[in-house]
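Should a chain be cited, it is by its letter among A, B, C, D and E, assigned in written order, with residues numbered from 1 in that chain.
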Amino acid sequence: MQTQSLNQTSYVFRTENLNVYYGSNLAVKNVTLNIPARQITAFIGPSGCGKSTILRCFNRTNDLIPGARVEGKLTYHGKDLYAKEVDPVAVRRRIGMVFQKPNPFPKSIYDNVAYGPRVLGMKVDLDEVVETSLRRAALWDEVKDKLKENGQSLSGGQQQRLCIARALAVKPDVILMDEPCSALDPISTRRIEELMKELEEEYTIIIVTHNMQQASRVSDMTAFFSVELVGSNRVGELMEFDRTEVIFNSPTKQATRDYVEGRFG
Amino acid sequence: MQTQSLNQTSYVFRTENLNVYYGSNLAVKNVTLNIPARQITAFIGPSGCGKSTILRCFNRTNDLIPGARVEGKLTYHGKDLYAKEVDPVAVRRRIGMVFQKPNPFPKSIYDNVAYGPRVLGMKVDLDEVVETSLRRAALWDEVKDKLKENGQSLSGGQQQRLCIARALAVKPDVILMDEPCSALDPISTRRIEELMKELEEEYTIIIVTHNMQQASRVSDMTAFFSVELVGSNRVGELMEFDRTEVIFNSPTKQATRDYVEGRFG
Amino acid sequence: MTSAATGYGSPPNPDIDVDIEKKASPSRAVDVGFVRLTLALAGFAGIILIWVILQTTEAALPAIQQFGLGFLVTARWNPVENIYGVLPQIYGSLMTSLVALIFAIPLGIGTAIFLTEGFAPKWVTAPIGFAIELIVAIPSVVLGLWGIFVLIPAVRPIFRAINQTLGWIPFFGGPAPRGPSLLIVAMVLGIMISPIIISITRSTFESLPRSLKEGALALGATRWETILTVMIPAGLSGIVSSIMLALGRALGETMVAAMLSGNANRINISLMQPGSTITALIASQFGEAGRLQVSALMYAGVVLMVLTLLVNIVAEIIIRKFQNLEQ
Amino acid sequence: TSAQAQTVQISGAGATFPAPLLQRWFDAYNRTVDPTVQVSYQSVGSGAGLEQVINGAVDFGVSEAPFSGARLESFRAKYGYEPLQLPLGGGAIEFAYNLPDIKDGELILKRETYCGIVTGEITRWDDNRIKADNPDIANRLPPLDITWVHRSDGSGTTFVFTNHLKAVCPNWTAGAGTSVEWPVGIGAQGNEGVAATIKQEPGAIGYVNQSYAKLENMATARLENKAGNIVEFSTEAATSALDAPIPDDFALLVPDPEGPNDYPIVGLFWVMLYREYPDQEKLTKLVETLKWTQGPEGQAITRELDYIPMPEAAIQRIFAELDAITVNPNAVR
Amino acid sequence: MSDSAQLAPEKVDIDITRAAIAPVRNYTGIVLTLLSGLFVAVIIASLSWVLWDVGKEGIQRISWDVLTQTRYPAPGLTEGGFGHAIVGSLMVLATGAALSFPFGILAAVYLSEFGRGTRLAYLVKFSCNVLTGVPAILCGLFAYAVVVRGSGFSAFSGGVALGVLMLPIVIRSTEEALLLVSPDMRLASIGLGSTRFQTTMRVVLPAAAPAIVTGLILALARAAGEAAPLLFTAFNNNFWSTNLFGPVATLPVMVYFFSIIPFRLQQELAWAGALVLLAIVLAASLIARFLVHRTRR
């Protein structure tokens, strides 16, 4: 994958001068980047720099945060995502998302996973979809005997994997993942990473991670965000965006080098 | 720290054959371990093996989960934590906790941190405590201009640091941390780790982490938990408990070796 | 470049794949239809409710024209000469509701806390919860009868004792109390409305995330500190809403006020003396009223609506202030 | 459904006081005379009942005061004729009291005395004027304050009572009506409220309908009538009080009956009818039912429930009016 | 990990009993607990006092006959019952619920989900606030003017009156319940590509269901006991009728009427009627909660 050269890829998302506000506060400014198709793009950067904020723009879940406002251009396969005639539901149906805080529904484990296929009216064998998705999210063995139990009574890591399974069940085109492995143990993390590499064959993936190793292990492209003081306001900014090996081995900016070299993970 | 020899330590907690049930399900069985004072003990192990469950026993937050039940012996400085005359409030006041999912109160950032000192009636300069705690939690710079804003409008990582600051503000004897850094970027993570090393001088710390590097970097003792199938039930179990360098370099059990050698984190 | 060309736009059929425009599909139609339906129903609900308000106002017009604002400060109700004013009833309505709330708020919130915050096992709290909701269903005429035949005889000696010892306080003053009084009304209203506060406050507490409570307890807060400093502020909007609903019920309750207030058409500061409320006036006079009298009763109804509105506005301001401090 | 098709449903609304009698009549008629006639009566109050009649929402109304004022204008304007109001029976009002040592019928109230009580001039039971009326029990009259208990809700009972006061008490200034501004006393809701208040309060006295006084076993006073005789309530004394010349519109009010043995405080209740009904069958059944109430079976029930039956002479005129109602398919409603 | 490694516990002053907590905090807690216990006792005592009296008075006259006979005992007589009033009450209550529940719930959905901050939302809330304190009789007069004057007295118009009475309660309590649903749940559902409709129906409403049901039961209970709105709408019927568009007898009207006439038997039936009303509300509450419980599983 890493060998696939940039000019062979097409872009799924292109953003130009994207600014995101919460109320009157500018949270992230001037983000211009292109997300290549069928690759894994990682967003890294210090806490509060706006990674989640930008990620949410890609499937318009920011619409739901009162006061959140997006300026600038963001296209998905050449179509303006924020154009009037765009149906955010259709967008989200194609662009799935796993959130930073696990948020299972107060329903059974089975119903959590079956939720998507059900509402989308997908004509599939639900039992099969539930099992496959849970297997892919490395959760099947742990829950196969208690599918009827409430999803919220799982452990933190189990909940997160449940949310991943839920997102996989609807078979989206793009998957946005906000720190999907932060609550996971190494074994589950490895399985999720393997899964991502597998999905990459067919899907475009964007992942936010604080784990440098993870970023360097799985991603093809990496975007490094940073925070700048504008007046007394902290505003996020895209510092550098390039192939992962470039970002980790020979970044152009000093800030990037500083950040990735303090390899903590 | 690592040089401090074991026989200089006394034990803060001792558990003997601790079993924890959720309803009629046995979640963790037969945990026997001693937590040394003024050291950092790490709990590692696969997701769902009961790390959080055991951790919650140490300050009796399990009491709050309907159906949760603890069997066996658990002493704190020689006193039975589950004895009749023990008041969980007094316990929790000495044994602070940072949860796996950040849970700031729907109050201002300032009030979140000041909450503990206020209810405990601590005679301190609140402004100072708030600032110190936020600084220690590596959050001060980011929020110093918006102390009046709602704690729940922070980013995921900021919320987690806020919860850490909140726990520090009451100056407990023991601090339990359930994956405190899972939502944090490397810089904040480093600061929190430094903080832990600093606190170790005075406090006993137990930390649950999925990050092997973190465990090996900061902890003095490491407990490795694993899951076993009992019938069709998955039950957590303490596999091995020893000094961190032993666990990571020459564990006695094969399972431990397998787990820590797949060094992902 | 062939491979690149097929790769362009990602999966094989780009046209279908990037199809994100709004377009007619059953689920979108249902969605848009649903949102419009809720909009329409909300609008229709608004229309109905405003219709009720307007209709009452229309019926009140003759009296409004004839008595003007003097209606609010006149303490006479003379159907024989057609002279009307509702000052005593305004006082009575406000005082009975206020005192009922003074009974019901601590009782209601205290009970809701007791029932949700683990002071008693579920097999104790569940039946209590049911019984409490049942009270709301007792026809108010039955509560009125109960007040006349059970409560008044029971509390009359207590009233008299209070009147004798604390009579210097204006609210307990006046001649030896006979029973029917604003205070009796307020007591029965308090019984009637506390279930509203209990039920709604209870479900508010139950819906708050457990992690909030855990957060406070883990800092060493006691159960009560957690309740007072975290649970109640977090559930404030629900609690206030329940209080407002309860207040609405108290202000609007008819038969209890008519049967127990003593229906005295004069202002008496003392709560132990007979008084009257707007609803009692409407209920007891409507059936036999003459034309202008009916209009005056409707005017009284309009006054009650305005009172309710004012009380709600005040409550809203209080919540806003409180929440600003909190955030 | 074929059985239902034959039943005729008739609805009426109005006064509360005669409601038990009306319910009983219509129930008995349906059971014993004609099972196809179902008359429902709702006691919403006279005023509201009259509004229903004006609105055409009911087939008949019942009131304890005749049509008058703005309502009469409205009725005329809408229907183009005078409403047909026919008295079906009457009632009397008694003073009921709670005096620990004084039994039912022992207390005598002369006119000036009860006028003094309702106007607040007499405030104590041991007042000399009361003692003077009651030489036999003068020493048993207690040293208690008089608590005057009146109806707080609008009611025909109050109308009849105040109509009497207005006629006999020179100092009575509050006028007559279904509710008035009382100079003294405490208000209670409904007959049962007045009864309860009196029973709970030693020294209390108030006015209630005679049927209430009897069924609730209340002590009642003997009163002085216009002729100066002391009379006790009896159906005969009340019937003879109502046996006065009835005017053409049947709006007979006897604020102060003149006969030597007449009971002084009596009043009628009227059924309010249209002079044209759209439906022949309904009209026939309604007229038959109303006539039956004035027949022997109906009057037996009237007496049983302690209401006052209409005198024979009046009944003939009532029947004639009933027979004069016509069918008009286009009648205004 | 040998035992010899262990020293005697450090001499730390460790007190984790109640005594470790500042006395003020302890006593405040105890006082508040006692106080709330007292409040519960007061509430339960007064409620059971009322329920006891209603039950005691009502139970005397409850018999199979009374519940099944479909004609009131006429004043002064003893034979009869109020089966037809039970049916009539169920009819008006069901109509009122059928009108106000879906209506109020969906309007509240608009207020909390789609229309937050709009002028319409403000207007609806405003009118709800005004109308929660309105005497029930005004709702009856509204239904009288709007329905009865066109089509005559009917169970349906009684239902309309009760519906108008319940509407503000339903809207307010439902909106409150919806606001308590965590935004994370909405985000999760929307993020999976479900429409607002699906999110509302499958996630938000089920999560809020218990609280919504509480509000609905409160509204229903309130409507069940009101006679005033029915006097001029459902009217009265001394006979059996299941015609939705004709007058029917109802329990609250019966209770009202029988409680103000001087016949002992009828007065006892009034209490019995009140008890039956309670049973109806209890049954509705139990059924609703059972359904919620089942569908949420």
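Assorted remarks:
Quick note on the criterion: contacts are C-beta pairs under 8 Å (C-beta built on N, C-alpha and C of every residue); 3 or more make two chains touch, one makes a residue touch a chain.
Note that the structure is predicted; figures quoted are calculated from it, not measured.
Note on connectivity: the fewest chain-to-chain touch steps from subunit B to subunit D number 2. Both subunit D and subunit E are touched by C.
Each of C-E and A-E has its own count of C-beta contacts, and the greater count is at C-E. Between the Cα centres of subunit B and subunit E there is a gap of 45 Å.
The distance from the centre of subunit C to the centre of subunit D, with each centre set as the mean of the Cα atoms, comes to 40 Å. Computed centre separation for the pair subunit A/subunit B is 28 angstrom, with centres defined by C-alpha atoms. Annotation: 46 Å between the Cα-based centres of subunit A and subunit C. Annotation for subunit B: residues touching 2 or more other chains are 89-90, 93-94, 101, 119-120.
Those residues of subunit D in touch with two or more other chains are numbered 16, 44, 48, 190, 192.
Residue positions 27-28, 31, 145, 209, 222-223, 225, 283, 286 of subunit C are each in touch with at least two other chains. In summary, the structure contains touching chain pairs A-B, A-C, A-E, B-C, B-E, C-D, C-E, D-E.
Those residues of subunit E that touch subunit D in the complex are listed here as 71-72, 74-77, 148-149, 152-153, 231-232, 235-239, 246-247, 253, 257, 259-264.
Taken in their complex, subunit A has these residues touching subunit E: 59, 61, 64, 66, 89-90, 92-94, 96-97, 99, 101, 103-108, 115-116, 118-120, 163, 166-167, 170, 172.
Considering their complex, residues 9, 11, 13, 16, 19-21, 23-24, 26-28, 30, 38-44, 48, 52, 55, 57, 190-192, 195, 211-212, 215-216, 301, 304-305 of subunit D touch subunit E.
By the touch criterion given at the top, residues 16, 44-48, 69-71, 147, 152-156, 159, 174-181, 186-190, 192-193, 196-197, 200-201 of subunit D touch subunit C in their complex.
Residue ranges of subunit C in contact with subunit B, taken from their complex: 209-223, 225, 229-230, 233-234, 326-327.
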